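Each of the two complexes below includes chain A, the first together with chain B, the second together with chain C.
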Partner chain A sequence: MSVLDIKNIHIDFPTSKGVVHAVTDVTLSIEKGRRIGFIGESGSGKTTTALAAMRMLANPGFVAGGEVHLNSLDGNTNVLHLDDEQMRRVRLRKISYIPQGAMNSLNPVMRVDAQIWDAVVAHEGGLSQADLQARSDTALDGVGLDPKVVGRLFPHELSGGMKQRVCIAIGTCLTPDLIIADEPTSALDVITQRHVMQTLREMQEKIGAGLILIGHDMGLMAQSVDDIAVLKKGVLVEFGPVRKIIEDAEHPYTRELISSVPLVGGDSFLSAQASPPKGEKLDQPLLELDGVSKQYGAVTALHPMSFALDGEEPKIISIVGQSGSGKSTMGSLMLGFNDPSAGQVRFKGDDINAMSAGAKLAFRKQVQAVFQDPYACFNPFYRVNHALKFPYENFGMGGDVQTAMEEACTAVGLDPSLVLGRYPHQLSGGQRQRLIVARALMLSPKLLIADEPVSMVDASLRATILANIHDLKDKHGISIIYITHDLATAYHVSDYVMVLYHGHVVEAGPPKEVIGDPQHAYTRLLIDSIPWPDLDRDWGDADDARAALDELARIGGTPETVYRGDIPGFTLGQG
Partner chain B sequence: MSHNNAAAPETAAPDMTGITKKQLKRMRRFDNPWNNPKLIWGIGLLLGIVLLGVLGRFFWDPELVFTGAGMPRQGPVGIENLRGQVGTWAHPLGTDVSGKDILALLIVGAPNSLYVGVLASLIGMSIGIFLGFSAGYTGGRVDDVIRVSSDVMITIPPLLILVVVQASFGDITLTMMAILIAAFVWQSPTRLIRAQVLSMRESGYVQMARLSGASNMHIMFREMLPNLVPYLFGSFIANVTTSIVTAVGLEVLGLGPQRVPTLGRVIYDAISSAALTQNMWWWWGFPTILLGVMFIGLLLINLGLDEVSNPRLRKL
Partner chain C sequence: MGRIPLSYLLNRLFTLFLTVFIAATLIWIIPRLSPVNPVDVMLGRMASGGGSVENSGAILAQLTERFGLNDPWYVQFWLYIKNTLTFDFGISTASFPTPVASMIAAALPWTLGLMIVSLIITFIIGNLLGALMVWEHTPRLWKVAIPAAMVFTSIPPILSGLLLMYIFSSQLGWFPLNGAYGLNTEPGWSLDFAGSVLYHGFLPAMSIVVVTFGFWALGMRGLMITVQGEDYTILAKAKGLRKRYILYRYMIRNAILPQITAFALKIGMLVAGQVLVERIFAYNGMGKLLYDAILDQDFPVIQGVSFVIILMTAVAAFLVDLIYPFIDPRIRHGA
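Showing the complex of A and B:
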């Protein structure tokens, strides 16, 4: 029996540019106990469709047509006809919602168990303190949190994964018919993501509710849901069982989504260049870290490490790790944005933190960066040309700026007439990130630090942008430090990989060894936790995920480095 | 991969069918934030007061502000005073107890009050921009000193200090009064700009500018300042309001410039000459209405600027 039937729904958003039909004629049913994945890129209408069932559309959106039937209602089952009080009773009790950012969804001044009581009291009226306590204990126990300890804590005392599990506890404490989970793990690292997803699945199976999982990661969908609905620009382009979609997708867009997930060991999305141009031969290494460490107060972000990279043969060195592993600290140390607590960062033999103004400008010209957030990288006050033109002129590079900009845009696959002369908000995230790559190309640096360059870009564009960055090495002879949390892309792009954990390098070597055949427990755990669009791969259950987290806590202290081989022109040493 | 792909919009394209002319007009207004009715009305009201001051000097005799310029205690046109004399066109808004013409007082006094407010606010903003940028961008000890001193200054009620200072100064000029008030309106812009600079300092585009080898001056004035303009405007207008309130407060207490007509001074004279018991409502009534218009104008500008800088407040 179906829990929820969405029939021919249309959702419109009136904007200053005209009416946007965010969702057009979507029809689908959610069966009891079944998990449905809504997948699509940002703006595809996946969240909007799901939220219409809760009547929680963001202003000024409204349902322009169609019906949404919640079959457990008495009499008229169309939720669009309910009054506000009836709708209030439906929310959480019949349809619950697990939000994307758990950190912003919990009340910061209430203890965890009190937030669960809030939900119970709002729907069942006043219960005795003992009853309430029993309810919150069961709810927290169900998601694998210790009610005695966690129940008495405030949200800021919990980790991201724990907060998300509290949200699951609240969402399931009234045994709803349908759970809507809106990208519940997008802010978590892969190890925690696996644990949270397994918990969510376990709870959903226990209460037998339907589940709508909203996301953009085909790998996560393959591991988590029974049916997949693919949305594109508000239209349901494909709907079917997960195995059929993954193995035999009909719509080209679905196939594009699946192929955009890079696989460890799969085919490369890059086309290799026969003979990359050589950089200049130097007596000194291009970039050298000599016993560099960084402390923030009592916290050690990076333990002493040394490496030397010569610039003769351009290479891509990947630094892989989860949030808090110290990888971004390394990036800002190498750019000279941060002083090391000990040791020296040397560029062509000169300490970058003890340079004269003139030498610093020369250093800046030779070391460029691509950052994570393409939305923040452009000053909203200026047209995008400013970001390309200013450094070009500031570094005193000869030649015509306009021609240089147009050539750089063309080289990264952007049409100069479509992007130049626009304001940043008029461009998509992918276009902006490509422009930043074009900017680096224009300045032709010797070294590029790419700090999570594709983590905020839609999945279908990631491969293209990485190919652009790879071209910088292959066609323009620029050495690249690629900082990422994504092992699969590091596998394809890099010549050498360092896996960072709590500021230590735990495993290092060529990617085929480190990622293809990991030896260190942490690297293995990372790779096991990646959700892949491969249905026959076992992602484990919640107990596996829990055991893995315990294992992680065990190796926490001072992990050993596993060296997996060297490549010419790069040497790594701890201490 | 073609570039058409990257240029394609991520959401469905907007549909313009079935939109009425009236809706179209509203949409265009939404697109151009400066075409905001609140902003336009607010600027209109303030311009009206400035025009009153400028044109008034051509069409009315400003010499009438002096004692004995006309018959004392005259009502506005057609209004009888307590002696049964009916107001005439010689003094359309009436006269005060010493025969000063109320219309002339308003023509000279209103721009003076506005001048004090704008000048005090300009000086306060300049100090605030300088200190806010120094604190936010330099950080460390400089930041500590500026932050603590602005926080301490915020807790001191300005009127209390100004009453003491002005009472000891005796008669002062309008400019001097503006400078004294400015000493109390730099704290909130300082705090506002410091907070914005602190968050902007870590933003992507400032990092990009540093990568481009930009100097600190370039980063502060070319990258950060333009993005602060809406905040600066809002803060400036709020400060003008505060400054005028403070100035009028002092004048009504009989402090401030003694020989220059201002709206506050007119109200002070009215109160001290018992205009209320003599039923001479025109004496304090007209300056109060003018002050009200001034504040409503400033408020509307502030609300309008809010909508300009924060599109969420705009309604389609």
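Showing the complex of A and C:
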């Protein structure tokens, strides 16, 4: 029996530039107890379609046509015909919503249990304090949180995974017919993601609700849902059982979404260049960390670490780790944005934190950076030319700026006539991120430090941007430090991988060894937690996810390093 | 949350004391940089009153001695600090020999009454209207009317005061033109007197409310827009909570937090008074006292009033520091 039927729904957003048809003629049914995945890129209408069922479209969106039937309603089942009070009663009691932002989805000034109570009271009226307490205890217990402790806490005292489990507790406490989970794990690392997703599945199965899982990660979908609906620009392009979609997709867009997920051990998305140009021969290593550590107050972000990258032959060194592993701290230390608490960071033999102003300028020119957020990297008041031109002129590069900009754009696969002269907000995230790479390239640096360069870009563009970055090594002879949480991309682009955990290197070596055949318990845990778009690969159940957290606790704070072999041109200090 | 740790309390108290001490020192130094000699000014005032002053040299010397101006600076400073801490601000040079402390004591309650009441009214009205500007369920008429009312914010308080006086006192005769209480009422703890004070305070308070509520409303509007887009507000709606509950417990409750800090800082500033409002309504508060003292170059009064203003601001900030962790659990009484 279907819980929700969406029939020929159209959703429009009137804007100053005319009406945007966000969703066009989508028809779908969600069966009781079944999980359905809505997948598509940002702007594909996946969230909009799901929120229309709750009548919670963002302003100024409205349903321009079609019907949404919630079959457990008495009488008229079309939710679009309910008045505001009837609709309010449907929310949470019939259809619940688990939001995307794990960090911010709970009211910061209310205790956790009070945020369950207000939901219960809004639908069931005044209950006694003891009854309310019993309800919140049951709800928290169901998602594996200790109600005695967690109930009394404020949201800022919880980790991201715990917050999201509280949201699941709220979303299931009134046993709704349908749960809409909007990228519930996108802000979490893979180990926590697996745990939260398994908790959600467990609760959904227990109460027998239908589940709409909104997301862009084909791997997560493959491991979590029964059916997949693929949306592109507001149109439902393909719908079917998960195995059919993953193994035998009909629509080319679906196949593109699946193939854009890089797989460990799968085919490389890079075209290998026979002989990358050699860098200059140096007496000193290009970049050297000598016993570098970093402490923030009592917290050690990075334990003493030494390595040397000689730079004669360009290399891509990946630093892989979860949030809080110290990988971004390493990036900022290498860029000289942060002073190390101990040790030295040396560039061509000079301590970068003890350089003269002139030497520092030369260092800045030769060491460029690409950061995570392509939206925050441009000054919104200037055309993008300014961002490209300014460093070029500031560093006194000879030659014609216009030509240099056009060449750099072409090198990263952008048409100069389409991007130059525009404002940042007129470009997509992918275009902006490629422009950042182009800007770095214009200065012909020796070293590029790329901190999560593709984590905020749509999946289908990730491979392209990584290929651009890879080209910097192959065609322009630039060495690259690639900082990421994504093991699969690190597997493909890098020459050497270091896995970071709590500021320690736990495993290091060539990617085929470290990621292809992990030996350290932590690396294995990471690889096992990745959801692959491969239905024959077991992602485990809720118990496995909990066992993984126990395993993590056993690894503790001072793990051993496993060395998996060396490559020429890079030495990691041992011990 | 919970109990305030002693170390935190001591830390904040020390900061409070240091702030007041530094401010008091500055208050002492700044008039001494002025080329005006207060004793000359006094003598000048006597001369303008009685034509010529005999033995002016002797009087000058005597006054200089009386005010302690012959002592070395550190003795003067020490006496100043010692006296200030006991709220002894010396004797007014303009209204000689009235002690400054008693002048302030006479003016302060009026200002505190008028200004704090109007500040609280403005704070509530301003924040509520600011919140309603953003809330999606606000009636459409209000959404037009509130921004339109912002026009008043651009009127200087003297004008709004005059306007209110013209309409409500001169034309309608509903409220008195000036004074803090009726001439035929005896000051004291009587119902009659209290009524008279409220009656006289209404127009000055309104003239402040009308011109200042926009400050709170606009600030609140910006904060509400942020809160409105927060995931917790969206989740609150998805939880099927009632819209008023969401407005108060999820939106205003979070948006108001920075406004509370601003409120504390405003308290100090308001003690200085809406000088012009007090002038127009002939309201005998701190603003009028300060205004007159500046005109008369009455240094002890200026010093005393300035000190009280700074003390109020520092104490208000201190109290907010203590209260804040109770209203925002993310802020902890840290070491």
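Everything that follows uses one rule, which is that the second predicted complex is superposed on the first by the 573 of 575 C-alpha atoms of A that agree within 3 Å, B and C clash if a C-alpha of one lies under 4 Å from a C-alpha of the other, contacts with A are read in each partner's own complex, and residues count from 1 in each chain.
Here, a contact is a pair of C-beta atoms (placed from the backbone, for glycine too) under 8 Å apart; a residue touches a chain by one contact, two chains touch by 3 or more.
None of these values were measured; they are calculated from a predicted model.
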Specify the outcome, clash or fit, for chain B and chain C once both structures are aligned onto chain A. clash
Contacts for A:M110 in the overlay, against chain B (first) and chain C (second): which applies, first, second, both or neither? second
Who contacts more of chain A, chain B or chain C? B
Quick check on the superposed pair: does A:K206 touch chain B, chain C, both, or neither? Answer first, second, both or neither. neither
Using the superposition on chain A described above, determine whether A:K148 touches chain B (first), chain C (second), both, or neither. neither
Considering only the touch criterion stated at the top, classify A:G413 as touching first (chain B), second (chain C), both, or neither. first
Touch test for A:H81: chain B only (first), chain C only (second), both, or neither? neither
Taking the superposition on A as described, I'd like to know which of chain B and chain C A:R537 touches: first, second, both or neither. neither
So the chain A residues that chain B and chain C both touch are none
Complex contacts: residues of chain A adjacent to chain C: 54, 56, 59, 88-93, 96-97, 99-101, 104-110, 118-119, 122-123, 154, 156, 167, 170
Chain C residues touching chain A in their complex are 136, 230-232, 234-243, 245, 249-250, 253-254, 327-330
Spell out the residues on chain B that touch chain A in their complex, using ranges where they run on. 1-3, 6-7, 9-16, 18-19, 27-28, 30-31, 203-205, 207-214, 223, 226-227, 316
For chain A, which residues are in contact with chain B within the complex? 14-22, 24, 41-45, 60, 233-235, 335, 337, 360-361, 364-365, 368-369, 371, 373, 375-382, 387, 390-391, 394-395, 413-415, 418-419, 428, 430-431, 434, 436, 458, 461, 464, 467
